[in-house]
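Scrolling down, you'll hit the structures one after another.
You will see two complexes here that share chain A, one where it goes with chain B and one where it goes with chain C.
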Partner chain A sequence: MTTATALALAAEVRSGRRTARDVVEEALAAVAAGNGELNAFLTVLGDEARAQADAVDAEVAAGRDPGPLAGVPVALKDNLCTRGSLTTCGSKILEGWRPPYDATVVESLRAAGAVAIGKTNMDEFAMGSSTENSAFGPTRNPRHTGKVPGGSSGGSAAAVAAGFTPLGLGSDTGGSIRQPAALCGVVGMKPTYGRISRYGLVAFASSLDQIGPFATTVEDAALLFDVLAGHDPLDSTSLPSIPEPTLASVHDGAEGVRVGLCRDLIDGCAPDVVARVQEAADALAGAGAKVEEISVPEFAYGLSAYYLIAPAEASSNLARYDGVRYGLRVDGEDAAAMNTATRTAGFGPEVKRRVMLGTYALSAGYYDAYYAQAQRVRTLVMRAFDRAYESVDVLLGATAPTTAFDLGAKVDDPMAMYMNDVCTIPSNLSGHPAISVPFGTGEDGLPVGVQVMAPALGEAMLFRLARVVEEHAPQGAGS
Partner chain B sequence: MNAEWEMVIGLEVHCELKTATKLFCGCRNSFGDEPNVNICPTCLGLPGSLPVLNEQAVELAMRIGEALHCEIRPSEFARKNYFYPDQAKDYQISQYDKPLNTGGWLELPDGFRVGVTRAHMEEDTGKLTHVGASGRINAALHALVDYNRSGVPLVEIVSEPDIRTVAQARAYASELRGILKATGASDGRMEEGSIRVDANVSVHPAGTSEFGTRCEIKNLNSLRSLGRAIEYEAARQIALLEAGGKVDQETRHWDESAGRTESMRSKEEANDYRYFPEPDLVPLAPDAAWRERVRVGMGPMPSDRRAQLAAALGGAPTDAEADQIRAVVDLGLDGLVTAVAEAGLPASLALARAANEVAAQSEAGLGLSAPTFVALLAMESGGQLSATQSKAVLAALLERGGGDPAAVAKEMGFEALGADTLSAVVDDVIAAHPGEWDRFVEGEDKLMGMFTGEVMKATSGKANGKEVAAELRRRRG
Partner chain C sequence: MPGRVTLSPEDVRHVANLARLDLSDEEVELFTAQLRTVLDHAADVAALDLAHLEPSSHPIALHNVMRADTPRPSLDREEVLAVAPDVEDHQFRVPRIGGEAP
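Then we have the complex of A and B:
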């Protein structure tokens, strides 16, 4: 298992002490040895990764700096478009599809010298919290292979937790980076909506989706975030660039920072999870933060609003998988029959459930009661955040209500599965940044994640506080 | 039209905007290319692609709003969801409850104002070609899709149901086409589909105010089919109602060759489009400065140009002149006429030449420059060319795409006839028709035409008609 951080690896490669090719070969060997059991990667980009590593080494040999992620292997969630390479979104309906273009984040990674070594497993179209909704079999949790890794970005979380790669990319629509990060014992972060381009991210729910980093340390997560953040003219919802890197202030500490320990992000959680969050709050207080308890009761409505807005957008975003232009086609006697046959065969049950839900929520006669009402609740949640941030600088809570659960335990109970996202959804509704940091273990010895939330564009503050939490995390399993 | 019934017509006009690139991507907006050459991930709706709004399209849409006296407002894009193979994303990005332009009007040449409900932006679909025995939708074996048109910017202009006659409907469509060309938004080519008209038609007993149930007619590719389709549809509805039946609200397809409308889908079969705000785009709210730049940058509209021509004529135009003015403005030939008027030459003569001879060739893409036209009209009005000669020279100039009118006239043998020659010819003609001449002298004026004709014949059309008439009158005393 690789223990080197991305920062350390990049420093070695940039200085010529180690070749990118060597780093990448080691990662590919780790994947070859361990992926059979975990099923973290759906596609390994061996030849492409080696060629990219050689290009990085050539830069170094020529005396040029290949960039801040020189030679660092990265795992990409399989909903990020990679030119010429399979991009399945964990769905049969996209089996065999090779995008003719790279996502903006993929280009940014390459420009920074990073090497994508494969595409990782995920719940189909990012719909799920356990990676069991993949059409290509579940991913297993590297901390305990009988457990789920969380989801939907379970493959990337597992790849980083297993030491296959020091960095991974996921997408977070309702917690799909933070929850698997918590369950696998790694750092996972969702940026402010619009800070990282969505161009080339296959959409689930466009107004909620945001790409973000997985890493083994907060520093590495900040480093990767800094590489990816910035304005992209190809994404109309992308925000203007902020030149200051977050990495520069990651060690600035918690002195004087007002931390709101949020009851509504703890109360429904398992006692061992609550205990870890309380310890993290105590650690922050010990580091000079002003910790106070705070309640944001509107968070309770987030889950319901989310499960209307996200399926509504998904029902529209997933309409294009109709068998006409790409991916699976099952013939029918006319175009409509072909559409139906293709979608019936190509989508799994959870995708069908959400497309139905979303279609219903947008239908004439139901729109106001469901979709429009959910949007009003979303506004309510945003205002609640604004009110909370009048008295505190960041919020602290749990990431997931429990540690990793058994494979198969919740597959037949969608509501129980949806409850996994209760703590993470508010940040997606508001578009604010949030991060999950490993903090000790539960009674079962599995990792617990502590979540820090910050106001819009508060990434620098978020990483600072996360770093303090990380510093005080109990040593042992999960680290 | 049965006098006991009144038609109520509202028109929906789709106008393809003449932008360099498509509405949400950088692909070329071009008609008639090989299939599927102007495509990219965005206009193909590939997974992960995103739309970025074309500023030039917004600018043209704002010009249309300005020209139609609309309020230009903060607006939003929405998704209109429906499955169809020509729809790359299986939803269309359109404006729904927050359109860019609302509440305007269009004034017909006769002064009648038709309300404009809205003029909103949306993207076009791809183009389906059904391949099979008959080429008809239902009998096709398979279909081919060309996505070159997918994502081409459109503005949909929706009128109020203010139109009451076929003539008004045609005048509205024609005037709107002129406005769309004048704004630079459209090339105005209905036959290429760059302007497409749908008509909502209902009938109700004349003198009552409650509207009947309407039908929407699609596939109207010319002003002629627009008129025919409305006539047919109103007659169909009247016949239904007079027979004690009722009109079902439905969408009907105009079959140009059969000359009738046919049911496409009923209201019950209509799609629920599940509109919701497009999350991939931000709201579009042109600020005051942008609106002002657009307003100031617009050229004169057809109504302004018609007024300018009428003023050049120097008096209220006759009905015939009003028709000529409309034709000349519609074809964009008004510059020729104003140039002649500015040169101090007779505008009415220029208007007639432009509306007839030049207009006839302009359909074929032939034209000539204003200075050439002015030089020709100077020769005709100065008596160096007869009307017949002038028309012949004009035809030659149009054919050649320009030239020197004097040189062309000389080349065609149209030398001005000297006064002595004319006098001699008139002598010969009088000598050859002594009886007719006596009757003419005694006051039988209609013989003027006969004598003029004979002189023209004798000079092979080189004589100037006015001068011949003057000479004949002088001789009569």
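Then we have the complex of A and C:
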């Protein structure tokens, strides 16, 4: 079990005190011992990871610096393309598929000396909040194996929470990094839209999807973010600006920072979650922040708008699974019958629900009432954020309304499952960065996550405030 | 603008067909009920008067993203075809399209 931070491991490997191979063998052994129970990894990249570790050690031996993540094991969500290695998106329709290219983030990790040790479980095509929609069985929460880890990036959250790897990558379309981070008691962060390249991230809802880090500490999350942030000509939505480094200022504190304790990101949450957020606000005030209560009532419309926009984009993106070029094919007498047979057999129920919902929202007669209207709500939410950021620097609230729930509790009630995303969705609609930091536990002893939100490109401020929250977190299962 | 929409089983069959999905009668019944619940929740949004706002398709708008028109290697053809369900003569092979015999 790996308990060292990525910063500590990379320092040891870069200085030659420990080999990358040794670090990676330890991670692989932890996965071999513990993954059977948790099902966090769908694929373990044993040989590839050993070869990559040896390459890092060769760099060190030759007197070269292998990079800021030298020898650090990383868990990759299984919707990130890895050349020649299985990439399933948690779906039968991509079972056995080996992409012919690497995602840009996979290349960035390698260039920084990190070692990908496996691909993690997820809700099918990232549609879900519990990782129970995976075609390959649910992941269990390492803090309590009768509970869900959250989702859709539940496998990466669980891998980091279990100590398999100090770092993980997920994707966040409506909270799919932050919510599982909260439920598993780790740090999870969604960057500004366009700050990290989406090239090689299998698309769910392209205007909302963003890749981001999981870690056990805010420092490690900032370290990983700094490695991945930057412009990529292969992603036309990648931001052209040079990213501001965040790790160097992570300990700059909260003195004088204006924090808006957002009622709309707390009201409706469980009382124990509300209590932790209030304590985090008090801790920030104690650290010199100017905390004030703020209301952004427009956030209330975010959930409905999201569950029209995301399915609409998904229905278009998932049209590519037609049995022609890759993945599953189920034969039919003509091409249309083959398309239908393939998609019917290959997609699980949640994907079918969302594809149909999106198709409906985009169809003649309903487009204006649903899809265009949801896009106007998106404008409404973005303007509401702008107004809030005239009086505060960051917003503070809950990440998820409750602690981790029982496996199976919400699988038959899609709307109850969607409600898990109510606090995380606004940042996806606006494209702003947000982070979940573990902050104590609920009455059930399970982790609670506190969410900090910042304006576009406010990652440095976000990590600073998150670090202060982390510093004051009560010790317990969540820390 | 519909305040409260009643999604019918026929609507579900129609969108399933558009989305190239084949549903059993039980699935039509289940999905009709589940999608109705989601659309009922969305009635709050559908009922808002937002005519004064422009729809946003992206959070951070970038316009006319161009790159230099320089040749660069594309994906390896054999590597791409190696993962295809059916290949003939370096091309994707599919069943016949439309009603004509091959």
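Everything below uses one rule, namely that the second predicted complex is superposed on the first by the 476 of 479 C-alpha atoms of A that agree within 3 Å, B and C clash if a C-alpha of one lies under 4 Å from a C-alpha of the other, contacts with A are read in each partner's own complex, and residues count from 1 in each chain.
FYI, a residue touches a chain if its C-beta (ideal position, glycine included) is under 8 Å from a C-beta of that chain, and two chains touch if they have at least 3 such contacts.
On a predicted model such as this, the values are computed, not experimentally measured, just so you know.
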Which partner reaches more residues of chain A (counting touched residues only), chain B or chain C
C
Could you look at A:333 and tell me whether it touches chain B, chain C, both or neither (first, second, both, neither)?
second
Going by the contact rule set out at the top, does A:101 touch chain B (first), chain C (second), both, or neither?
both
Per the contact definition in the header, classify A:89: touching chain B only (first), chain C only (second), both, or neither.
first
Kindly classify A:324 by the partners it touches after superposition: chain B alone (first), chain C alone (second), both, or neither?
both
If we overlay the two complexes on their shared chain A, which of chain B and chain C does A:312 touch? Say first, second, both or neither.
first
After superposition on the shared chain, which partner residues are touched by A:380: those of chain B (first), chain C (second), both, or neither?
second
Is A:236 touching the first partner chain B, the second partner chain C, both, or neither of them?
both
Taking the superposition on A as described, I'd like to know which of chain B and chain C A:200 touches: first, second, both or neither.
first
Classify the contacts of A:111 with the two partner chains as first (chain B alone), second (chain C alone), both, or neither.
neither
Contact residues of chain A, present in both the chain B and the chain C interface
97, 99-101, 207, 233, 236-237, 315, 322, 324-326, 335-336, 339, 359, 363
Touch list for chain A against partner chain B, complex
79-81, 87, 89, 94, 97, 99-101, 103, 198-203, 205-207, 233-237, 312-313, 315-316, 319-320, 322, 324-326, 335-336, 339, 359, 362-364, 367, 371
For the complex, give me every residue of chain C touching chain A.
1-2, 7, 11-12, 14-16, 18-23, 27, 31, 34-35, 37-39, 41-42, 44-46, 48, 50, 53-60, 62, 65, 67, 75-76, 79-80, 82-86, 92, 94-99
Could you please specify the touching residues of chain B with respect to chain A in the complex?
41, 44-53, 79, 81, 83-85, 88-91, 143, 145, 272, 274-276, 279-282
Where on chain A is chain C touching in the complex?
97-101, 192-194, 207-208, 233, 236-237, 239-240, 300-301, 303-305, 307-308, 315, 322-329, 331-341, 343-344, 347, 352-353, 355-357, 359-360, 363, 368-370, 372-380, 382-383, 414-415, 418, 429-432, 456
